[in-house]
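Letters A, B, C and D mark the chains as written, and numbering starts fresh at 1 in each.
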Amino acid sequence: MKRITYIQHLSNWEKEFNFFIDINIRFSETDMFGHVNNVSPFIYFEEARIEYLKHVGLFSDNQIGKSIPVVADLQCNYLEQIFFGETIKLYVKTNAVGKSSIDIHYMGKKENGNICLTGRGNMVNVDAASGKSLPLTKEQKEKLLQG
Amino acid sequence: MKRITYIQHLSNWEKEFNFFIDINIRFSETDMFGHVNNVSPFIYFEEARIEYLKHVGLFSDNQIGKSIPVVADLQCNYLEQIFFGETIKLYVKTNAVGKSSIDIHYMGKKENGNICLTGRGNMVNVDAASGKSLPLTKEQKEKLLQG
Amino acid sequence: MKRITYIQHLSNWEKEFNFFIDINIRFSETDMFGHVNNVSPFIYFEEARIEYLKHVGLFSDNQIGKSIPVVADLQCNYLEQIFFGETIKLYVKTNAVGKSSIDIHYMGKKENGNICLTGRGNMVNVDAASGKSLPLTKEQKEKLLQG
Amino acid sequence: MKRITYIQHLSNWEKEFNFFIDINIRFSETDMFGHVNNVSPFIYFEEARIEYLKHVGLFSDNQIGKSIPVVADLQCNYLEQIFFGETIKLYVKTNAVGKSSIDIHYMGKKENGNICLTGRGNMVNVDAASGKSLPLTKEQKEKLLQG
């Protein structure tokens, strides 16, 4: 595997994930090359990220309307082709917490345990009314780092 | 071609279209069968429908927020496979206007003139605030039937 | 509910469904109107249809490559808005079997039991090598009608 | 603008782009936050990348089937929200050429000239038959660096 800038030691990085959701690959997510199109993992990242943020209490119904988590950047490394009919476990963790932003990491694993996707991206906590970044509370930061 | 319930005489039906937009088929819109996935034409229908409604003055910026056109039903017949790299002309016309609804028809044509897609669907004019159907004005109906 | 041409008696029609899959609505499947975009149900129909065809033994791994089920037409009626965070049960049944085609019906139900989507569409059994329609075997027809 | 790791000097980086395609934002590419969903730019990147590779002669019809360009990684920075109805110019350039890989950069500009998206990603030239990476020819490298 080629070096990925946001992963220092793969085995340590891999162990730090706890939360995951199952993704069943859909036919419409493949392309004419016969495998999952490169756009589709970002759909999976979003689904897994939102479930993760709900899990740590940061995307609850009453939360929406006050502050919203906005994606600042996203990246994905495609380590193995993924095929229709496969189920992958998509793991999410908080890598770092800033004043009003979160660096979230992603790992996709096939049923045989192979890592097929890795990724990361910053979310910024934004005040829904003003559109400005909103500092995360101490409580929110703790939840994220325990998550 | 098998009989399509919403088309009486194909050659007449075909002649009644004037408005169209060009659709460049994207790679991500194909699937592992090597052709355009059956979901993708509904993306094209939506893009063409909105351009058409703008063209007849029913989806203008100041219109949104007061009344919104809501899709009540949609159907598509797949007459020929479509492939990545092709450009199709997607035609739209108003087939019939009701009290607060519009029956919109669609036709997709390949560069060789073959009809590859046909479709139709009802839009209902809905009051954005109340969520109730909103009668179309006489002026709106005229625009649609001229469109 | 407005009359839907492919449903004779709604209560009978509804009772004939057995097979279903759960669909978790994804954030990326919504649009700026705040609800599920009208394109997304066709993604759900495809996922449910393929699971159903696998269930009745018509989309198995060794089946692909010999004959493939090709979508001839699709339609969807949108009875209730669907929102991010909801889970719907998407039911599939065989409504009728032709020489080489299947008329498949769809029903989407919310957690409160309300029908939010109905749909139907013809699939044609196509020989992968020749591209011509391939008659369904007696065994396949029986599986479909029991399914 | 926060520092983006793959951009050294923004004004120089910006000047090195020549090739672009127009992207008309589709309604179905928005989400319930009212703007373009974070997944959609990767659809635009793919469309622009393929047009660019065709432009430099690396994704021609006879090319497919021999070697295929496979996406190894992708990243995107979201600098400004994008809305339905906007048209953006999506620029593509070759940032660097390796033995069998290409580092491609992306820039999205609004009609007012504001940069709304930046991105990059590696493509690997893969032999379609063996699945192994295939060195780029001297001619291909020259085309890319002129592109």
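FYI, contacts are C-beta pairs under 8 Å (C-beta built on N, C-alpha and C of every residue); 3 or more make two chains touch, one makes a residue touch a chain.
Predicted, not measured: the structure shown is a model, and the values here were computed from it.
With every chain reduced to the mean of its CA atoms, the largest distance from subunit C is reached by D.
Among the pairs A-D and C-D, the greater number of C-beta contacts is found at A-D. Between subunit C and subunit D, the centres computed from C-alpha atoms are 36 Å apart.
Averaged Cα coordinates give subunit A a centre that lies 22 Å from the centre of subunit D.
The multi-chain contact residues of subunit D, meaning those touching 2 or more other chains, are 27-28, 33, 37, 39, 43, 46. Contact topology of the protein chains: fully connected, every pair of chains touching.
Subunit A contributes residues 24, 26-28, 43, 46-47, 50, 61, 85 to its touches with subunit C in the complex. On the side of subunit B, the complex with subunit A involves touching residues 27-28, 30-35, 37, 39, 84. Across the complex, subunit C meets subunit B through its residues 2, 4-5, 33, 37-39, 42-43, 46, 68, 70-78.
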